[in-house]
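I've put the structures underneath this note.
First chain A sits with chain B, and in the next complex the same chain sits with chain C.
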Partner chain A sequence: MGDFDFVYITQTVGDGLLFGSTYALIGIGFTLIFGAMGKLNMTYAAASLGGAYVGLAAFTFVNAPALVVFLVSALASGIVGFIAYLTCFRFIPIHNHLAALMASIGGLFFIDEIVIHTTDGSPLTFPAMFEDVMFELGPLGIRGDLLFVFAVCIAATAGLLFVLYRSRLGLATRAVSQQDVAARLCGIDVHRTNAVTFVLAGLLGGIAGAMTAAAVGVLSPLITIPLTVKGLIVTVIGGLGSIPGAIVAGLMVGALENVFLYFRGVNERDMYVLLLLFVFLVFRPHGIFGSAISRD
Partner chain B sequence: MSYYLGLVQLIGIHTLLGLSAYVLMLTGQLSLGQAGFFAIGAYSAGILTVIFELPILPALLVGACIAAFFAFLVGFPALRVKGLMLVVATIAFGEFVRLFFFNLSWRVPRDGIEVGPDSTNGFREIRYFVANGWSAWEITTFVWVFVILVMVALWWMDRSRAGAVLRAVGEDELAAQSVGINLTAVKVTAMTAGGFIAGIGGALYAHTATYVDHLTFTVLLATFAISYPILGGLSSVIGTLVAVIFIQGVLVEGLRFLGDWRNIVFGLLIIAAMNLKPSGLFDARTARILKRAASLGRRG
Partner chain C sequence: MLSIRNLVTSYGNIEALRGVSLDAAQGEITCLLGPNGAGKTTTMFTVAGIISAKSGSVTLDGEDMTRLPAVKVVSRGIALVPENRLVFPYMDVEENLRAGAYARQASKAEISDDVAAVFRRFPRLEERKGQLAGTLSGGEQQMLAIGRGLMARPRILLMDEPSVGLAPLVVEEIFGIIRELNAEGVTILLVEQNARMALRVAHKFYLIEGGEITFSGIPGEFDEDEVIHRAYLGARKE
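Our next item is the complex of A and B:
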């Protein structure tokens, strides 16, 4: 608990906004899959952190440079995303949301347990990047690593939007998310398109996972559930299926989280983030950018 | 022997947890927050017997009422959304409760030692049964009296008008509304009843385990809660009981030889079950077939 100090508050909000970009990426992943299939992929955050673990292994065993670590994380998480699609979504009847949800929760515990077994459940240090770089902006400082996280997130989002809105693949994805029957009648292979969506979301998640680990400095299986819950909160606050909503909500949750951390300490921080969701459920149940018609 | 009695107690407690999700699922709502109500029941009843030194029965009932009250409060905002959004809202609620007990520290001296919830170290002194010299048999009977009471109450409710109303809302909300059923009232009532049942389960759990901490009440426990009625089907309360015996008695105990790898297998089993039998292992159709097979057997 600190005093009310204007410069410090601005600094806190700024750091939070930069870190919030990782939540935005996780939120985008959830929202992409929800938009495409109308289902929640609960394995997502676990798969993202799983990707980060593979990236960390690349760093530890072959001393790969930062860029390669991120690429490996993204690729690994994309592969896990594809496997998650095959095991938890592909063969389950398309209108049975409950079964897909349960199966993906099973997948979440499965990935989590594999991570716990390979690391003996202990946290591992993740290489920090640009930790000693610090930009001065008047009385405020901008941490180099957070700025790097932010830049990578913007690049990843831009890449995703490019694929979605400027390629045939993206056209097919959007067609399936709007009307899957009509898309099928136009000759689009729905299963293939959904699988591509999962891989795209997975690539994004791997980057987000590695970014989270780089910004926090450690990777631990204890992060999985909080990251899942925060990703889901970001998705709901932003409006299910809305990419701009996920970005705004992610940055907002990041900033507010840091403010709560400043005033109430690390143990109580997440409680207030969860309360934030209930505030939204009462006053704006369909999120910032969600449509008034409920989709479930 | 006491090991098996412990298992029987655990099956009873998990049946209560599963039934709390069952009531809500009758109205077509899926909640991943049942672990939160279970935690509220556990901590409240524990605080009442340890700090306020009440006997077990009033403590248990008050604990269940507190859990029901919070279920009622959560019901209103959470039930404005449905389906997957409700799943997210209830996960958030469950995690909120867990973090609340993670932070809760309330230590008071009793008989020369400090007792009460001690944030991260958990709540270690819930020794009512030991202090009053209850035998394992008596504890087991006590647990199962509540399980049977709740099961009979739910079974009876299912045969009354209330059951028809709950199922009507679960089958088709629009049709239910058009015959004059108040959707919000029905859903909040189901949520409150679910909270009450989970609260009883939590209170019993705290006293049989003598120790609770925030790590007991994770999303994993909430997943167990909904997986019982999903596997057991919604045709009757017996399905939930069968599913609990199957998961806790056969799978969890039977896989004990796997040691740490057991949890990995649990994840895989959920995935396999959902792929092979997406609408539950003992769904209505399976139940009908079993029934027909049983009656054929009797005739022949």
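Our next item is the complex of A and C:
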């Protein structure tokens, strides 16, 4: 628990912002699916880490280079996202929100159990890139691996926005999330579009999972629940369904969590993060980017 | 052209359509009138494939369309301009129009030409082409919804209460558009509560009450006031 040291706090905030980009990605994934279906996909963070585990398998068994590991993580998580859609959403009646929620919570624990059983629950080393690089910025230092994580997350977000706003697929995704009846009238297949949304979110999640593991250096089933909770907090603070909100909230939670860590230590850190959520729920329940045009 | 036979549609145990039959002829405006809850929207949604018929049939130029999903219905030539417009609120005007052409296998240039044609028809939409659809006025949203329907290049355009909730002057404008579209050869099946205006543009009308067609005819051949009275109040003919 630190004293007030300006340089150190700046360093802390900077590191937090860089790492917060992984929260932003997870938040975007939650928010994307919420936007499309009006439902929370609770499997999401577990699926993201599950994807990272598959990437890790590529590392462990065929000694794949880090970049390939990240790519495999993304693809695997995309596939898990598709499976989660089929098992927890596709065939559950559209208006039965609780059933979909419970199914996806089941999915969360199912994925978690698979991971625990295959790894005996022990943490495994995850490859990073540029972990030996350190940029000096006056008294501050920027970790190369964190900077890489940040850059990858920015690139993934940019890629997603490109797909959403510049492609036919993205047009369909946005149409379904804004007005599903009209989307059907335009000839858009809602089920297929939702499946695509889950895969897109899954790809992002796999990248986020891999980047989280790369930044921490290990992958452990102990990360699943905290990452789920952080993702949900980021989604709610950003405003359910808002991608810009998820980005800002992700970076903010990343930075503040580090500040809490610095002042109050690791035991109290998450308590303050949850307090932050509480403050938002009371004073700004629609999140940072509460929408101007109402839904429906 | 469009032919609906004994269409039965239900929501759970409630039968909303109890055997609806009607025909919409090529090049004409056919009007479906009826009081609230009569089954007008249900008829439109069943034809458009948003909800699935329990029995009966829908054919377009002899081609069976019954129980096809909406995606297929629109690509085979039936476009619905839905009740309450249902524009995509967070998309801009131009994107809304492009979404309307989603089902078509058309080149980019063709679609851009059609967008330009909609803009020529509705200059007010062109002025607002970069504006989010959710921020348009009701009349503008209706024009956008009509434009989006036209973007599908349908053989028949279904319109569900395009005048509802609009100021009298805007209602005039919308009916002007309907007449103009028809003059250009567009076949229209129009649902309206504004019976007086509707009877003025319709070639043929049907009255639906309690999920059944109870009356039909050519406007001019009947006492307008009685038709209107029934359309609003659903008073059954004894």
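The rule is simple: the second predicted complex is superposed on the first by the 291 of 296 C-alpha atoms of A that agree within 3 Å, B and C clash if a C-alpha of one lies under 4 Å from a C-alpha of the other, contacts with A are read in each partner's own complex, and residues count from 1 in each chain.
Keep this in mind: contacts are C-beta pairs under 8 Å (C-beta built on N, C-alpha and C of every residue); 3 or more make two chains touch, one makes a residue touch a chain.
Small disclaimer: the values here were computed from a predicted structure and weren't measured.
Chemist: Now for A:Ser167: first (chain B), second (chain C), both, or neither, which partner does it touch?
Modeler: Once the two structures are laid over each other on A, A:Ser167 reaches no partner at all.
Chemist: When both complexes are superposed, which of chain B and chain C contacts more residues belonging to chain A?
Modeler: B
Chemist: Which partner does A:Thr118 contact after superposing on A: first (chain B), second (chain C), both, neither?
Modeler: A:Thr118: touches no partner chain.
Chemist: Just to be sure I read the superposition right, which of the two partners does A:Thr235 touch: chain B = first, chain C = second, or both, or neither?
Modeler: Once the two structures are laid over each other on A, A:Thr235 reaches chain B alone.
Chemist: Touching A:Gln178, do we find chain B (first), chain C (second), both, or neither?
Modeler: Only chain C; A:Gln178 stays clear of chain B.
Chemist: Residues of chain A that sit at the chain B interface in one complex and at the chain C interface in the other, please.
Modeler: In chain A, nothing is touched by chain B and also by chain C.
Chemist: Mind pulling up the chain C residues that touch chain A in the complex?
Modeler: 48-50, 69-71, 74-75, 79-80, 82, 86-91, 95, 98-100, 102-104, 132, 134-135, 148, 152
Chemist: Considering only the defined contacts, which chain B positions touch chain A in the complex?
Modeler: Going by the criterion above, the answer is residues 30, 77-78, 80-85, 87-89, 91-93, 95-96, 99-100, 102-103, 119, 218-220, 223, 226-227, 230, 260-261, 263-264, 266-271, 274-275, 278-279.
Chemist: Show which residues of chain A lie in contact with chain C when the two form their complex.
Modeler: Checking each residue of chain A against chain C gives 168, 171-172, 174-175, 178-179, 181-189, 293, 295.
Chemist: Could you pull out which chain A residues touch chain B in their complex?
Modeler: Against chain B, the touching part of chain A is residues 34, 39-40, 87-88, 91-93, 96-103, 105-114, 117, 225-226, 228-229, 232-233, 235-236, 240, 267-268, 270-271, 274-275, 277-278, 281-282, 285-286, 294, 296.
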